[in-house]
Each structure stands twice: as structure tokens, then as C-alpha cells.
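Below you'll find the structures, each written out as C-alpha cells.
Below, subunit A partners subunit B and then partners subunit C, in two separate complexes.
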Partner chain A sequence: MEGLGVAQGVWLWVAVVGVALASVAIIAALTRTPPRYRRRLLVTVCFVAGLFYALEFFLPTREVVSENGMVTRQNFLTPFIPTLISPLAEVLAAFILGLGLFSLLRIHSGNVAKRKPGYYNSVALILSAVVMLVIGLWTNWTESPPDGIRATYGYLFNGLYQNMDAAMFSLIAFFILSAAYRAFRIRSIEGSILMASALIVLLGLSFGVIATQGLPATGMASNLRIETWSSWVLGVVSLPALRAIDFGVGLGALAMGLRIWLGIERGALFGD
Partner chain B sequence: MLHADENWFVAVFMGLLVGLILWRIISAMHGRLPFIRRIPGLNAIDEAVGRATEMGRPILMVPGLSGLDIVGIQALNIFRHITRTAARFSTPIRLCVSDAALYAVGQEVIQEAYRSEGRPEGYDPDTVQFISGEQFAFAAGVSGIIHRQKVAATFLMGAFFAESLIFAETANTVGAIQVAGTTLTTQTPFFVAACDYVIIGDEFYAASAYLSREPVPTGSLAGQDMGKILFVVCIIIGCISFSITGPQYPADAPLFYKMFGSGGWEELLRALRGLVG
Partner chain C sequence: MDPTTDKRSNILWKLQNIDRRILYLLLLVVVAIPVLWPVTMPNAIDPMSESLWKTVDATPPDKIILLSSTWSKATRGENGGQTRALLEHMMSRRIRFALSSFTAPGAQVILDIVREMAPRFDYVYGRDWVHLGFQASANNFVKGINADFRKTVRQDFVEKRPLDAFAVMEGVRSIDDVHMVIEISAAATHMVWMQFIKPGVLVGFCPTSVMAPESLPYYSSRQLAGVLWGAKGAYDYEQLNVRNGTGTYGMGRQYMAPLSAAFALVILSITIGNVAMFLSRPGIGRGGTAS
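The block that comes next holds the complex of A and B.
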């Protein structure tokens, strides 16, 4: 935030309260705005934001050497990205995260209040969220938190959370097996091709190499080695297909981005 | 940050693609609507909603780890259509998101979908749920919902990573019909292996045009196809000329190398990937 300056002491709190009040006023005003005008406002904001990035991309640049000696190319709009746009996006994300947390607590406290089946899961979730929030804030708020708090944070984060996360991740190994079993059952021509390709790649990347290692590494006979087949499937068949899909997806994103930028997109963002 | 004067090839080619897309949008707005081929994955939406209605069980929609970006918005476009179909038959729906910004927009979209079908009372704010911003906590939460509520149909549309197979296989265990689509080529094979119908690559973006048949998305789709034709022409010219001349060509003709060799295309692909996020 060096471009805008950083408020200190009392002024920091004045700025925080001022911004909070202004935000509440803006949200209230937006809520009361009729949908037709709100849509126009949304389209305008989208266009201005998109125009900023388009101009930043197309306007001529010059070389700028930063304090640490790094050379970058910039035009007069580039410095606004780290000093204004990124912090603005972060503040908006923080606001919206509060909304997500509110949703989570509303749904689960409702489950508990109505004693819905499995409400004890909701109790566990609310307790975990509150405990983690308090311990996490306490640990990071001060430079030297009490040893007990630091240890509890370590136990909750490293001891519980990370292990549960890893346990979830490890489930994928079993799911891959069951999905592969269903996918590789030879029921059609496509299924047979899929099975044959998978077998070649698997053998070429594992013990299959041993079976053909007696063949020469160069010349015509090298084409019979399983790793040659495997790299052919990966490099000649699979990679171009993936590139083609990537180009198609990129074009789709470009078209959609253009429609949103120009405000001609309907549907989820701008309604009918 | 990349700038036009650092990479003229990307800038010129992007400009050309934008021109093609806009031209086809304007043509479509003047009544020249192109033909759209059948996309089985999108046709299956009505089948899946019908099955859920018959079984009286909910439909689950998951945009993966998408945020409020192009992929997330397109996922919501598809979910909006599904919700409108479900609202007609009073079929319960669930939308689970991992991004708080998408949650806020999702609530608005689902509510509006019920309103547009003349059933505003059918909207329940609890149908749109923010689960968690953490990948595997989100996966665990959604899997729990699939199991507890015995969903009849799942729509997995958006940006998925390692959690894709957890969703698809969990839904398979409860016998749900599954339609999936992602823009990430790394996860498409998992969906192909585990789901009933898969929307591959740019079919994900074709959904708006396919489902609504409105001039703007339909024209935009035709523009994208013209862009693809341009790519194919460049690839064919590049293949033939480099097969004749050999790899020494780039040094003699840098412009030719950028247009038809790999020189500019890697950068263009990187720029296009940047749009997807």
C-alpha cells in the first residue's frame, strides 16, 4: 500500500470505522436499488474494470528498474495493480468470506435447533469453527502467544486438521481403482481402445520395460520396445488432443469474457 | 504482467479472435443463427432431472473449487437452467460451493430461477450452501451430503482438482445419475471413467448457447468455431512447410516461425489458459 500511504494509530481506527460505515451505506443503497438500475451499475462496473486491464495490456510500456534491481515493463496504469486493485480485491474477498461463514453457521445452528437427524455433526462443526477461530486469532494476534495456546494451535492444525486432510486425499487411491474397474470393462470399441492405451502406458512406465529391454535402443527394432509405444501414445496421441482441448477452452473463455465485459451476456450474472 | 508490445503475436491474434467472435455475434443478432450439433451431456440434463423427480430425491449441483471467475459464472449459467427445470416439477435441489463470492451470486441466481418459473415460494435459502474454502474439507462436506440425502442426480460443472473422483465415486455408490463437465484436461479422464455423461472441453462454454438458443451466445459459439478453423489452417500450413524446409527455417523467417511454427503458439496458449484461471 506504499502508493496510498498507511494510516497509523488513532487514524487507523478512524479509517477502519469510516470504511465500515461507508460499506454498510453502499450495501444498503445497492439493496434498495431497483434490479433494472442495479444491472446497469453492474454492467458499467464490469466494463470499467475490464477496460482498465485491456488498456494496461495494449498501451505502450517502458522499462522500470525497481529498488531491488528487478527490471519490469510498465505503463502508467501498471503501478495501480499492486497498490489499488489487488488490495481492493482482497478487501472484497474478506467481506464475502464473512458472508460464507454466516451461511454455514445459519444452516448448522438451524439443524441443531430443530434437532434434525445427524444434528450432532452440526454441533461438532460449530464447535470446531469457534475453537479454531479463537485459537487461530489468539496465536496470530500477538508476536509471542502463551505456550499453551501455541501448543493447542499446533495440535489442532498439525495434529488434527492436516491429518484429516491427508486421510481424505488418500481415499482417492481407492476411488481410482473402483472407477478404473468400471471404465476399463471392455463393452465397446471405445472401451477397448481406452483399455489398450492404458495398458501400453502403464507397462511403458513400469515393469513392462523389462520385457523388451533386450531389443536394441536405436534403429528400426527400437520401435518394438514398450517404452517407445508408451511415449508415442503420450506424445503423439494424447498431448495434441489435450492441446486442442486447451485451445477450445481458451477460446470459450475469451468469448465469455468478452460477452461479460461488453455487458451482452445474460444468465447468471446479468439476468434475463 | 504481459503487455502487447512485448508479445505482438498474442496481441494481434487475440484481436483477430475477438473480431471474429464479435462479427458472428452481430450476424446472429441480425437473424443469422448457426446450427448447433447435438451435445449428449447437455441433453442428459432433462433425463437426470426427470429421474430425480420420479424418485423424489434431490439434485446436487457442484461447481467444484471455482471462484467468481469465468468458469464459475458459466457453471452457474448451467445450474440456472437445471434449477428452472427442477422448479417446474418441484424437485428439491442443493448447490454446494467452496467460494464465498460464488455463494453470494449463487443464492441470487437460484432465487431468480425460481421466480422466473413463477414459483418464488419454492426457493429455500438453505438450498445454496457454502461448505468450506479448503479442498478436502469441501470434498468431505459434499460427500456427506450425497450420502445423507441420497441424491438422485449430480451435476459436477466447473473447476475440479483431486476432489473430482471423490464426488463422482461417492455419488456412484448411492446410484445417482451423473453429468460432469470441467475445463481442466487433467480431471476430464476421471470424469469419463466415473460419470454417466461428460461435457468435454469447450462444450462447457457451448452450454449457454445450446440451452438458451439465444442469438448472443449462439453467435459467439460460431465465432469460436471460426477461431478454431483459423488454428487448424495455421497448423496444416505449419506442418507442410516445416516438413519441407526442416528446422533451420525459424532463423531465416521469424515471422513465419511465429505464425506457423511453435514460436507464437505456446505464448498464445499460455495467454488463453490465463483467461481460464
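The block that comes next holds the complex of A and C.
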């Protein structure tokens, strides 16, 4: 099956502008639709989208040999995944990103225009977003962007953004230490068990091995090594609890998924 | 004397209420010392790491490894070391590989690392490795490559050319031609592979320490072929590389001592707080009740 064609040159721009205009028209039409009908429309689209995956998963499959000799098991819906559904999902993801950017800029432009307290943070955000957007698109648009643009992209993405990201994340270590010191107080038997488990795992993952590295790695004595204790806590004590939580979460997700798919869920998703 | 003043002067009360700025300073010092003066920590290799190493090492010559990079520089201390150790092993064994990512920064960070390491092993883009790029729709990507790489990924990330243009993709049509998928991630993205990948395909997972426990049920059931547990996993893998002549020590060993020092401080501070609280209980020692 042929997939969606990739537009090139002028047609690419025609496609981009056309899709953008169509998107604006659809959003405008949806906004003007009475809530009762809008809800029905959203529920229907959601149901059809979910139905595709449900049918694709549950319908029986048969062996199909492609033109290059590849044998796969599929039903009549499977070929639509790489050719139609996957590109459609990517377009939707890109659209959502654009919508998020638009919403962000709208709110922060308002902050700047009204000189709200801390509006200079909004200025920084808008500037960062616009500069990164322009430089990023420029770098990826052409096969050989100008050296200055490539270098600027490198400074902004690798030099600035990535390192600020790392710096922000590393601050968590300080808060973890402070929080662990204040919160980890033994006030009950449960607290004692939790503390003992945490210490064993921490020691097993780090310097604790120093204390027991003289013990044999096999045989009865190996049971006294800290990493054996750590493995036991993780594999015997923690694992069943994790499985139980996973089952609970899975059942909850299934119930929520069914509610959304069938349009039963209200609130922010399908609220009037 | 004012009871409040008495309480404040009480050493036990002080030990239970150490100013956070002192803790921050202590952490900075204990982490900085082993960074400035590196110390080699002893290590016991985890069976999960060894299992991943053996699975990678058993890659047949006609198959590739798909390396999915879903992390950013925020977790480079853990994921960076894992990535480098894995790549060193794969490159020294001349294993061909494809890169992909479920996040935009993830696609870039692994590209930078491979570009830096490739000349050392004479790895040529297109011949030995290819980058499939950022995949916005994770589940559709996995479902798509189960059946066909070329229909799922129209062009590569670096040269923007169809996958047929690259020698590395010769004979690689679907996930059946991939020996294993390795997800290097700061989040629980192994679930995407667990849920959607074709049954029977080997999956390895390299999470940060905080996410690692979530992968244990899948390793225990052998749905995951191996797991690298944060920075310790990277150190394990480097040790296996050194032991088998497929690599050298790097970030894993470098970061193990600072990590251990930080853990030691956490344990020490918790112990001090608890001992002080215990001693300040009425009837045990002089002092007020625990806060």
C-alpha cells in the first residue's frame, strides 16, 4: 500500500499553508458549534479512533508476503498503521506542539503588554522561544546551513539549554538530602522497616560493597554480602509489591481508557 | 531560663534541625572531593547488567541493534555513562546499529556522542550506523517497525534521505532483522516497547536509578533481556567491557565515587537525625521531644 506522499518544493509550502488554513477553519467551526453537538462530534471521533486500534488488535491475522519477500502476520487494518495512522499521529503531535506554543505566547504576550509583576520573565521566555525556533528551523531546513547559524544553534542547544537542564536537575540532589534528613525519622515499626530497606539498597548500589567484598562470591557465605541483601530486598520484598501496583494501575488505566473511548468520561474531556 | 532558649541550646535539638544550607554545603564538598581527586570504587557486577552485556555481545553479524535514546543532559550522569559504555562495546565488536528517540533532545544527545566516538572505531554514517530521529508517536513507531522500517521512517535524521540509501539498512526490513532494542531513558519508556513490540524481540533497558525498580517485574519475567541500573549499571558495563577487552573505563567509574560519597552523606545525616531524636526522648536523655 502506498503511503502519504511527501510534498517537495513549492508544493510543500502550499501543503503547509493549506493545512494551517484548514486547521484554523476547523477550530473556528468547532468553537462556534453548539456545545451539545460539539460533544457528540468529539465523542464520535474519539470512538472511531479507538475502534481502529481495538479492531486491529483483536481481529484475526493471517500471513502476508510483501513484494520484498517479508512475511508478516496482519489483518486488513494493519497496513494502515505505518502508511496512514503513524503520519497522522505525528501531524497531530506537531499540531498540539504548535497549539501549546501559541497558547504560551498568547498568555505571556498579555503579561508583557499589561506589565504584570515579573513580566520580564515573560519577555525572556518569548525571546528564548522565538530565537530557538528560528535558529532551529534554519539549521534543519537546509542541508548546509551557514556556519554562523550552525554555531549559534550549537551554543544555544548544547552550550546553553542542555547545561541549564543538567544544572536544574542536579539541584534535586540538594533537596533530596535535605528532605531525607528531615523526613526519614523512625517513629513506627513500619518506618523502621522502610529505613532498613532503603539503607540496604543504598549500600548495595554504592560503597556498601567495600564492607563485604572480602566474603566469597559463591556459597553460603555469599549470603552475607551486602549486594546479596540488596538483591533480596529488591527481588523478593519489593518486586511483588511493584507487580501489585502495576496490576492496579493497569486496571485503572483500562477502566479510564474505556470511559474515554465510550464517551462516558465527562469533565475537561467531553464536558459541555 | 526561657524553655525556648533552653531547647535551642540543646545539642540534640540542633542535631535534629541542621540548617539546610549546611547540608547543601556538605553535599557540595563531599561530591566535589572525589570529582577533583578521582577514587576507584570497588564494585560487584549486577546480574542484570551482565545479562545485557551478554545479549549485546551475541548480536549476529546480519542483524542490527536499535538504540533508543530518551534522555537529555539532565540525566547525563547516569544515561551518558550507559550510552558510552554500550556504544564502546558495540563499536569494538563492529555491531551495526540504528538510533531513534521518543524525545527531541534525546535524538540530539546520542547523535553528539556517536559522532564523537565514531572516528575512534572507524564507524561511518550510513555504512555502520544510521539515525532514525525523533519519533513523536512512540506507539505508532513501534507498531510500524514491527512490520516495516521503510514505511514507518521516511527519511533519516542526519542526511534526510530514504533508508534504502544506507548500506547499514541492507537486509533490515522489519523488527525481525533487529537483534535487540535497547531503551536508554530517564523515564519508564520501556513500557512502550513492552506493550507494542512484536513478541520475542529482545529488549534491554537502561534507566536512571530512580526509574529502575519499575523495570524489575519485566526483567524477572525475562521480558527484558537486561537492565543497567543508573550510574552503577554504567560502571558494571564498563567493568564487563574491560574484562572482555571490548572497552575502557569512563563516566561510570568516574561518577561512582561522587555518587557513593553523596549516598554516604545521606545515610549519615539520616542516622544523626534519628539518633538525636532517640536520645532526646523523655527518660532516655535530657532534651525536648522530636520535631
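Definition applied: the second predicted complex is superposed on the first by the 215 of 272 C-alpha atoms of A that agree within 3 Å, B and C clash if a C-alpha of one lies under 4 Å from a C-alpha of the other, contacts with A are read in each partner's own complex, and residues count from 1 in each chain.
We adopt the following convention: a contact is a pair of C-beta atoms (placed from the backbone, for glycine too) under 8 Å apart; a residue touches a chain by one contact, two chains touch by 3 or more.
Because the structure is predicted, anything quoted here is derived from the model rather than measured.
Chemist: Looking at A:Pro216, would you say it contacts subunit B, subunit C, both, or neither? Reply first, second, both or neither.
Modeler: Once the two structures are laid over each other on A, A:Pro216 reaches no partner at all.
Chemist: Is A:Gly159 touching anything from subunit B or subunit C once the two structures are fitted on A? First, second, both or neither.
Modeler: A:Gly159: touches no partner chain.
Chemist: Look at A:Met70 in the shared chain and tell me whether it touches subunit B only, subunit C only, both, or neither; answer first, second, both or neither.
Modeler: The answer is second: A:Met70 touches subunit C but not subunit B.
Chemist: Can A:Thr78 be said to touch subunit B (first), subunit C (second), both, or neither?
Modeler: Both subunit B and subunit C are touched by A:Thr78.
Chemist: Touch test for A:Leu202: subunit B only (first), subunit C only (second), both, or neither?
Modeler: second
Chemist: Considering only the touch criterion stated at the top, classify A:Pro146 as touching first (subunit B), second (subunit C), both, or neither.
Modeler: neither
Chemist: Is A:Arg243 in contact with subunit B, with subunit C, with both, or with neither (first, second, both, neither)?
Modeler: In the superposition, A:Arg243 contacts both subunit B and subunit C.
Chemist: What is the contact status of A:Arg225 with respect to subunit B (first) and subunit C (second): first, second, both, or neither?
Modeler: second
Chemist: In the overlaid three-chain picture, which partner chain does A:Arg182 touch, first (subunit B) or second (subunit C), both, or neither?
Modeler: both
Chemist: Using the superposition on chain A as set up above, list the residues of subunit A that contact both subunit B and subunit C.
Modeler: Residues 72, 78, 81, 92-93, 165, 168-169, 176, 178, 180, 182, 242-243, 246, which sit in both footprints.
Chemist: Which stretch or stretches of subunit A touch subunit C in the complex?
Modeler: Per the stated touch rule, the residues are 3, 6, 66, 68, 70, 72, 74, 78-79, 81-83, 85-86, 89-90, 92-94, 143, 157-158, 161-163, 165-166, 168-170, 173-174, 176-178, 180-182, 184-187, 195, 199, 202-203, 205-207, 209-210, 213, 217, 225, 227, 231, 234-235, 238-239, 242-243, 246.
Chemist: Enumerate the contact residues on subunit C facing subunit A in the complex.
Modeler: 18, 20, 23-24, 27, 31, 41-44, 46-47, 72-77, 105, 108-109, 112, 135-137, 140-141, 143-144, 146-148, 151-152, 154, 159-160, 173-174, 176, 209, 213-214, 216-217, 220, 229-230, 232, 256, 259-267, 269-270, 272-274, 277-278, 290
Chemist: Note which residues of subunit B are touching subunit A in the complex, please.
Modeler: Checking each residue of subunit B against subunit A gives 1-6, 11, 14, 17-18, 21-22, 25, 70-71, 73-74, 76-77, 79-80, 99-101, 103-105, 109, 112, 116, 126, 128-137, 139-140, 144, 148, 162, 165-166, 168-169, 172, 183, 185, 188, 190, 192-194, 200-202, 204-206, 208, 212, 214, 216-217, 220-221, 223-224, 227-228, 231, 269, 271-273, 275-276.
Chemist: For subunit A, which residues are in contact with subunit B within the complex?
Modeler: 56-61, 72-73, 75, 78, 81, 92-93, 96-101, 103-104, 107, 110, 117-118, 121, 164-165, 168-169, 171-172, 175-176, 178-180, 182-183, 242-260, 264-269, 271-272
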